[in-house]
């Protein structure tokens, strides 16, 4: 019988962003996104939880070495987004509005390429202590 | 392909309650519910997490505007239950024992009526930092 | 040279209360205390931190055995206030408005009587995660 | 229609452990497990969340009395593992490497025997605030 | 005898900033401030705790109505800094490097003007969950 | 006028220990320290907060660069105690009972040697989320 276990690792990064749809004029952006669209950006301490699901290896008792997962998150996510302006400094959000939903999808896709396909993967991202998202469902 | 994302919003309310089954005598209530049934009530800081699942809108990148969800929770839940006695002051718990389980079901039904049916909805309610419930499963 | 160390123990209790000055009419109470004065009570998960300052005993390395302090808080505070209505069920708040400030002063006085005078004592009381008090200063 | 609710109870225990595969030599253990394999042990404050899913009883409004669940966790888990060395002091980890994954599986099996089969059961175990696991999936 | 009590209120704001000394060239700024000086800004969820010390009013039992303090923080601090770029959008940080230390000093001075001098005032500001400051000492 | 600011940095380490006075027989150790004295050790996730007080440098706006403080804690404390058995693996606790009080004093002395004397220094150490100590007072 399969004994799947989920393992979770929390990391974080601090970034600036603004919400903005380039297909709309400024007035519409402000109407829809409110102060989240202010032109000079604001920012967040993003708290990231990465969930990996698989069977523990019988030799190690690990689904995945948390140090390996932590290093992967640091290399793929933290080094890319930490202390950056998501709108101006990143390839990933050129043409993608950096809502928490879209940031979670981008992070999922970056990590999905680097984690063996036998493992399921899910992202939880806290934009603030009171707002967070999960992807995929 | 569908890209469903879950978005979560945390709010809170402070209320008094006691656990009591009017079909039982006081001795039975005390035996079953212990000090949770003491006649003059006690209370909690209820922490509420509302989960809404759907596809991000391609124009906004939002599943749902968190400000809209926050306002909905304030109008439907906070204004109804905050600083209230659940047993004495509310319509919803006349004849319904205000356990965390039943409070979560009541909150779900109040919000379900106000959120478009294309979205899935789930409630998590913390009665204390060590006791919480989720509905539906 | 003295090596004073502060030791802290966290406990909690859940209680109902309302804010009310019996020297005022209902209208004045409502004006001053708002929904905190609603007649059927509301409640909180009170988180209590007790700070004891002294020199570690050279034999044990303890300022005070945390198990002893925990039991003292349970016997003197938790058993008195947990799952109670502070206004109706307690001697301590007959004639004393159960604001966080006054609850902290009452808890300090109850514990001060039970802790050796060579130790300094301070109370921190969280009424909610966003409101708390300390006594004495 | 069924109205299943999940109820959660958090408890904790403090224990020492080391990661070690007795089928490997010391060098391999150190290579795979790093400082988690140091011979004199290290330790953690394990935070445990137990999730029980079922329908609330119509008489009580409870899925399960949280006091009963709390006592069960104290008797079956806390008394067995708290302030223990998982490798040296417990039957359960003779021949089982005490990774977070394996500890969660062991706790699940201990509690599964004591909780009625009509209830679903899931374990979440925090080894540190940044590393945790869930079982089963 | 005086019975001074400290009351604390937590609020938060989200802002973008960069650390930059205009008297230095870019190379020196980068050497001293590292990625905190990157030109397109980054951001934080700033958690703010305001401590007010005084004697409880004998009529209310309050040092200060927490609703009044909360509104004051919202009007003086949140409305000024939330969802703003501290370097570009604010008067207060023209010529002042927005380190956590300096932000705390600025917040103190803004609130000190609005709180009666009979009360002592102290600011605690979390820039991240692992870095915070207090002013004054 | 002086503008002293306190800056705080949180780090952590995971270690095993037992409480034991070698001048007592086993029975006395067990009587005084209870299960904290069990011979095969238990362990904790120690959360450490280091407070440094001084005047912000007019050029940087920093009391002390938090990266420098973080690296200092990693080099002096984390590398020494993380994933170690405090009783068996460390010089510092040969002959010193590793109570939270004594661990805080040891950490203070290790860091005091490395931080300029113009700065005040204080240690807060969480042994569990409910038990913590501060030194000096």
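Order as written gives the chain letters A, B, C, D, E and F; numbering starts at 1 within each chain.
As a convention for this text, contacts are C-beta pairs under 8 Å (C-beta built on N, C-alpha and C of every residue); 3 or more make two chains touch, one makes a residue touch a chain.
As the structure is a computational prediction, the values presented were derived from the model and not from experiment.
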(message) Which chains sit in contact with both members of the pair subunit A and subunit E?
(response) none
(message) What's the minimum number of touch steps needed to get from subunit A to subunit D?
(response) 1
(message) Spelling it out: a chain qualifies if it touches subunit B and also touches subunit E; which chains qualify?
(response) A, C
(message) So, comparing C-alpha centroids, which chain is the farthest one from subunit C?
(response) A
(request) Please determine the option from B-C, A-B or A-D whose contacts repeat those of A-E, over half of the contact pairs being identical by residue number. (result) B-C
(request) Name whichever of B-C and B-D has more C-beta pairs touching across its two chains. (result) B-C
(request) Same or different, please, for the subunit A to subunit B contact, judged on whether over half of the interface numbers appear on both copies. (result) different
(request) Compare the CA centroid of subunit E with every other chain's and tell me the farthest one. (result) D
(request) Provide the C-alpha centroid distance between subunit C and subunit F, rounded to the nearest whole angstrom. (result) 28
(request) Please compute the C-alpha centroid of subunit C, do the same for subunit D, then give the distance between them in whole Å. (result) 34
(request) With chain centres taken as the means of their Cα atoms, state the distance from subunit B to subunit F in Å. (result) 41
(request) Among the residues of subunit D, pick out those that touch two or more other chains and give their numbers. (result) 129
(message) Dump the list of chain pairs that touch, please.
(response) A-B, A-D, A-E, B-C, B-D, C-E, C-F, D-F, E-F
(request) In the complex, go through subunit D and note every residue touching subunit F. (result) 12, 14-17, 35-36, 38, 40-45, 82-85, 88-89, 128-129
(message) Using the touch definition from the top, list the residues of subunit B that touch subunit D in their complex.
(response) 19, 21, 23-24, 32-34, 96-102, 104-105, 129-137
(request) Within their complex, state which residues of subunit F touch subunit E. (result) 3-11, 53, 56, 59-63, 65-67
